[in-house]
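Each of the two complexes below includes chain A, the first together with chain B, the second together with chain C.
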Partner chain A sequence: MADLLRVENLTVAFGPAHQQTMAVHGLSFVVKPGQSVALVGESGSGKSVTALAILRLVERGGGRIVGGRMRFQRPDATALDLEVASEAQMCAVRGRDIAMIFQEPMTSLNPIQTIGRQMAEVLTLHEGHGTTVARAAALRMLDQVKMTDPARRLHQYPHELSGGMRQRVMIGMALLCRPKLLIADEPTTALDVTVQAQIIALIRELQRDLGTALLFISHDLALVSQIADEVVVMQRGTAVEQGARDALLQAPAHSYTQVLLAAAPRLGSGTPPVPLPGADEPVLRVTGLAKSFPSPRGPVAAVTDVSFEVQPGETLAIIGESGCGKSTTARLVMRLIEPSAGRIEICGQDVTTLGSRRMRAVRRNIQMVFQDPFASLNPRLAVRDLITEPLVVHMPELSREARRMRAIELLRRVGLPDESMDRYPHQFSGGQRQRLCIARALSLNPRLIIADEAVSALDVSVQMQVLSLLRELQTDLGVAFLFISHDIGVVERISHRVAVMQAGCIVECGPTRQVLEAPAQPYTRQLIAAVPRIRFGQVVEAA
Partner chain B sequence: MPVVVPLRQHVLPHGIPVSVACAAALAAVLVILALAAPLIAPYDPATQTLLARLRPPIGFLGADPRHWLGTDQLGRDMLTRCLYGLRLSLFLSLSGTVIGLFLGTALGVAAAMGGRVADALIMGLVDVKLALPFTLVALVVIAVAGSGISVLVVVLGIAYWAHFARLVRAELMALRSLPFVEAARAVGASRTRLAMVHMLPNIVSPVVVMTTLNFSNLILLESSLSFIGLGVQPPTATLGSMVGLGRDYMASAPWIVAEPALLIFSVSLAVMLLGDFLCDRFNVRLRDR
Partner chain C sequence: MMVRLVARRILRVALMLWVIGSLVFFATRLTGNPIDSLMPEGIDAASRQAMIAYWGLDGPVSEQYLHFWTALAHGQFGLGLQERRPVADIFFERTGNSALLLLATLAVTVAIGVPGGILAAVWRGRPRGGVVLLLAFLGYATPNFVLGILLILIFSYRLHWLPSSGAAGLAHYVMPTLTLSAFFVASLLRYTRNAMLDVLSQDYMRTARAKGFTERQTILRHGLGNAMIPVITALGLQVATLVSGAVVVETVFAWHGVGDLLVNATLHRDYPLLQFGVLAVAAAVVAVNILVDLAYSAIDPRVRLAEAV
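Our next item is the complex of A and B:
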């Protein structure tokens, strides 16, 4: 069979000619009709740039295709060299022969147009259909992507749909013109695991029915193993390993592929956490915690009834999907927002109604690490001021020199060089920034650190490093963690106990092994079944 | 992947762009001229020489060599009046801007950080201020307090505080929900520390831009007040009043308007360029990595 897309030696550069950086260097791969090829790699590996280069959209981002060939077989059996095609030729190809779906379904849809209008526009634009015909086709497509009540959806606006529904709309729009190739750039990264499983199943089914080829871009090797025939593993702009899925996953030759494979969740085989220390007075005890937020249509309950304890030196993970109230719980415990009901005890002291001044004294024992390492550090403060801020607040008597010594100690503790002291947050990578956040949280030797999705924004290999840092700190300092995450693969590596949250309640709580291997509640079972795992051989339908 | 390609700029050894160096030099010259006006001005700014009226600047037909920049409709020396006008205009807009900046920033901070009641009160006040025609307010103040330089400073000071208050409040509100501010709260930082260390330094850039814009606006506002007789009273000269009063002679003696207008332009240009530069300087992210 002729190749649908043949990419040879693709090289894409960014920056001015005299100091250009290669985002993609000498990349070659082939997509056959109806086949699915996955580009896997971490942020900055050049996988998205490759997608943009194929559609010739990379120039708008300041990039240049400086070498290589991209030959695309058009439906009329003529070949088009994408790297030299004119803008007019590309306009005809984009959306009709090659369609793309993006990571963030909210921003990829126009917020002020109805779903129906946006979908119809694709057809009126590319196929010259009239509005009525286009609307009918849009309706059929919504049905095909398994939207509930498609006729009503046509008249709805993007904000009225959930993330998963929006991604279904995006997929529907991409497939409206029956493209030969669908490029999906991290299409499920912003979605919950259960929704992700549905979307992946949908893409696979549509691909089978319509015979569309798929170029699937992801950082998640486990996810890729469920959908791809061919896998290209990318690192720093080059393909370090590529080949048929089973061969590649069963015998990864390159060390980087092995790292990615090791990082993929394999329930039941995660590193066993250190044994649980003997029960003592808990550092944190939460009883009957509830929080509702006011809204125009009456109060909305985010957390309805949450009770748990965290023992000294223990890690309790709270897992759940977006909107289940896990972050609200963290913020309630930190007293960043006021609870509607319930009781919070920190080290035996009831802090539920403490005034802000008395609460400040309690905060020495309980610190927090936030999700987004890019936004949780004040961009205007140098590292020495950032990580010693808790000292300034809680121990104003410390001399500048003493703070400096402590800052150096903290930096070494989290594995950053001493020279970092005088640098600013923007000069660090994501993983390094999260190390800074951890250093800041450690500065007062707290008894409990609340980590709210602390590794979610990091690449998997960096995730592993930060997780082992956290484990090491726990062994050395005896600090307890309340670890909030949606990622079960991460949770099983770090936590002693797991609490599963759904719709503001804890539905199940127990030792990690027990909850993950023998879940008692149907919701937990559903959640765990949806986690993508490395699969070999025949692709199994997701649960 | 967005990539920022820096504009190529001609840069002096200390990393200061040539345009900024020029603006700084221009500003320095203007300030020195304004400060030294009583020492270097050749004549008294109010002395009229009716026999030498409407003389063009030297280089034009009919120029009087004693009056380098010509004379106005009452035979007053334009160079002298420009120097004194520059002096007074700079003083008025600078003090007006500073008063507005501090008043507005203080109220904006209070509104954003002081709780719901303070916010409602202050923002109500801002709405009232913006709804009232400024001329009317100025008229009342001047009718009550009389017209003098100090009254005018107060009037100009209260002209733009509401803009600062709104800007500062909106910027702080946006910052308040950012994770790093939340992180500082989690650490236990007090409200004062939050405002002074984490929030205010992060809104310097928009406030600097607003300040430079207001500085030029105040020069023009003062001239419009002078024009309706509420500003500085004749014969005292400000750049704005010179433009206002000279407009009847635009066709026959354009220099009466052009000279002070050129000065207003130079002042605004210097202030804007310096403001832009400071704005970037305050942004740690633009410092070299």
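Our next item is the complex of A and C:
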């Protein structure tokens, strides 16, 4: 069969001509009609740039296609060389012959237009349909992407839909004109695992029904193994390995593929630490904690009844899907927000109603690391000031020299060179920044660190390194972690015990192994079943 | 819920009008007695006293203050000291002229500011984008009285193309409108440019491009509405500035409007006229701001009507 899309030696550059950097360099691959091809790689590998280059949208982001060919077989059997096609030709191809869905379902829809209008306009544009016909087609498509109550959705606005529903709208919108090729750029990364499983199943089903070819972009090899026929592993803009899925995943030839496979947090691949014997005094004890927020329609409960303990030197993970109340719990423990009910004890002291001055003294024992290593470091502070700032607040008597010594000590602890002292946050990578955040949290020798999705924004290989750092710190310093995460694969590698949260309650809590291998609650089982696993041979339907 | 929100809004407006009314009341009385500017010089003390009593300016200030609000509550706004006619009549004779000038200015502002801002955003980093911004900067930086006098010098005195004063016909509108709108066009243009730049990099714009829309279609269909949300807010905040700008421009072009009237009332310490005028203008500004809030909730479905009120 003729190739639907043949990419040869694609090279995309960014930056001014005299000092350009190559985001994609000499990439070649082929997508046959109806086939699924996956581009896999970590951030900066050039996979999204490739997708935008195919649609010729990369110029908008400051990129230039400086070499190579992208030959696309149009439905009328004529070939179009995308790299030299005119803007008018591209506008006819985009959305009609090649459609794309994006990573961010929350922001990829126009917030001030109804779903129906945004869907219908694709048909009006490409097929010249009138509004009535286009809306009827949009309605049928919403039904096809298994949207609940599709007729009502047409009149709703994006903010009235959940992330999973918005991604269904995006998929439906992309498929309205029956494109020959669908490009999906990390379509499920922003979604919960259970929703991810549904969306992946939906894409596969529609692809089969409509005969659409798929270019699937992901960082997640396990996910890719469920959907792709061909896999292209990308690193720093080039394909380091490519081939049929089974051959590639069973016998990865390139060392980078092996690293990716090993690093991918998969259930059953980690060895969770053995639970510690109960201590006399937990560093943190939470009893009957509850929090509701006011809203126009009466109070909304975010956390209804949460009780747990964290022992010295232990890691307790709280897992759950977005909106289950896990981050609210973290903020309550830090007393960043006031609880509606319940009791918080830190190192045996009841801090539930402590005034802000006395709470400040308690905060020395309990520090926090946040999800976004880019937003949680003040860009105008040099590292030496950044990581010792808690010392200025809590130990003002320390001299500059003493703080300097402490900064060096902390940097060495988190595996950063001494020279980092005088640099600024923007000079560090995401993983290094998270190390800085950890160093800052460690500066006061806290007994407990609350890590709220602390590795979620990092690439898998970097995730691994940060997780080992956390375990190492725990062994050396005896610090306890309250580790909040949606990622069960990550949790398995770090936590002694796991608490599963659903709708503001802890539904199950126990030693990691036990909870993950023999979950007692149906919700926990559902959560674990939805985690993508590497699959070989015949692809089976997702649970 | 809704009723309570509306009640709260009304209460807030009432409170604000009370504060403004009181400020005007006391501020005018700090400038001295208006009778002295009404009377010929060297008038005898008895007639002066009679005059003061006639205008109700003889009692203690607290009494006058109380009287001011009770009269207002009964819809009695008093007589203007200069013209000896009801202040409401004097005032509303002028509102038409001012409203026309403000509407013309608003129309010019939106008609030039919004497209100009969009072009400046689309042309970012290009020489023509720089030219647009430079023009905007000039409009922003030139004081309106300077611009007004400059226009009069060129187009009235030298070229004799346009009348320098009055509000008789369309030609009379050209220079006052230009003078008044220069600043607002410039600031709206910059607001629009910033809002548009922000919108251009949004994910939903990328979605629209991937649907196959041209850049122009993308901007008009998906960019414009979103960019207008912050622009409308900015526009609402500028209405008060627009009114104070009108005061200067009306004086420069001898435009018989509210601004011109209030300036004269201030010069002659015409208490009743000034009090009524300032309160009426304040009420109008508040009304416009409520309209802006309603427009805001109409354009952005995420803002509920209840929040806007």
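Points to keep in mind about this one:
Operating definition for what follows: the second predicted complex is superposed on the first by the 536 of 543 C-alpha atoms of A that agree within 3 Å, B and C clash if a C-alpha of one lies under 4 Å from a C-alpha of the other, contacts with A are read in each partner's own complex, and residues count from 1 in each chain.
Just so it is clear, a contact is a pair of C-beta atoms (placed from the backbone, for glycine too) under 8 Å apart; a residue touches a chain by one contact, two chains touch by 3 or more.
Everything numeric in this text was worked out from a predicted model, so none of it was measured.
Shared-chain residue A:509: touches no atom of chain B or chain C. Once the two complexes are laid over each other on the shared chain, residue contacts for A:389 go to chain B alone; chain C is not touched. With both structures placed on the common chain, the touch criterion links A:87 to chain C but leaves chain B unconnected. When the shared chain is aligned, chain B comes close enough to touch A:372, but chain C does not.
By the document's definition of touching, neither partner reaches A:341: not chain B, not chain C.
Contacts of A:398 after superposition on the shared chain: neither chain B nor chain C is touched.
In the overlay built on the shared chain, the residue A:354 is in contact with neither chain B nor chain C. In the superposition on chain A, the residues of chain A contacted by chain B and by chain C do not overlap at all.
Remark: chain A residues 14-16, 23, 48-49, 61-63, 334, 336, 356, 359-360, 363-364, 367-368, 370-372, 375-381, 389-390, 393-394, 424, 426-427, 437, 440 touch chain B in the complex.
Residues 1-5, 178-190, 193, 197-198, 201-202, 284-285, 287, 289 of chain B are the ones touching chain A in the complex. Chain contact summary for the complex, chain A toward chain C: residues 55, 57, 60, 87, 91-96, 99-100, 102, 104, 107-113, 121-122, 125-126, 157, 159, 170, 173, 296. Chain C meets chain A in the complex at residues 1, 202-204, 206-214, 221-222, 225-226, 229, 299-302, 304, 306.
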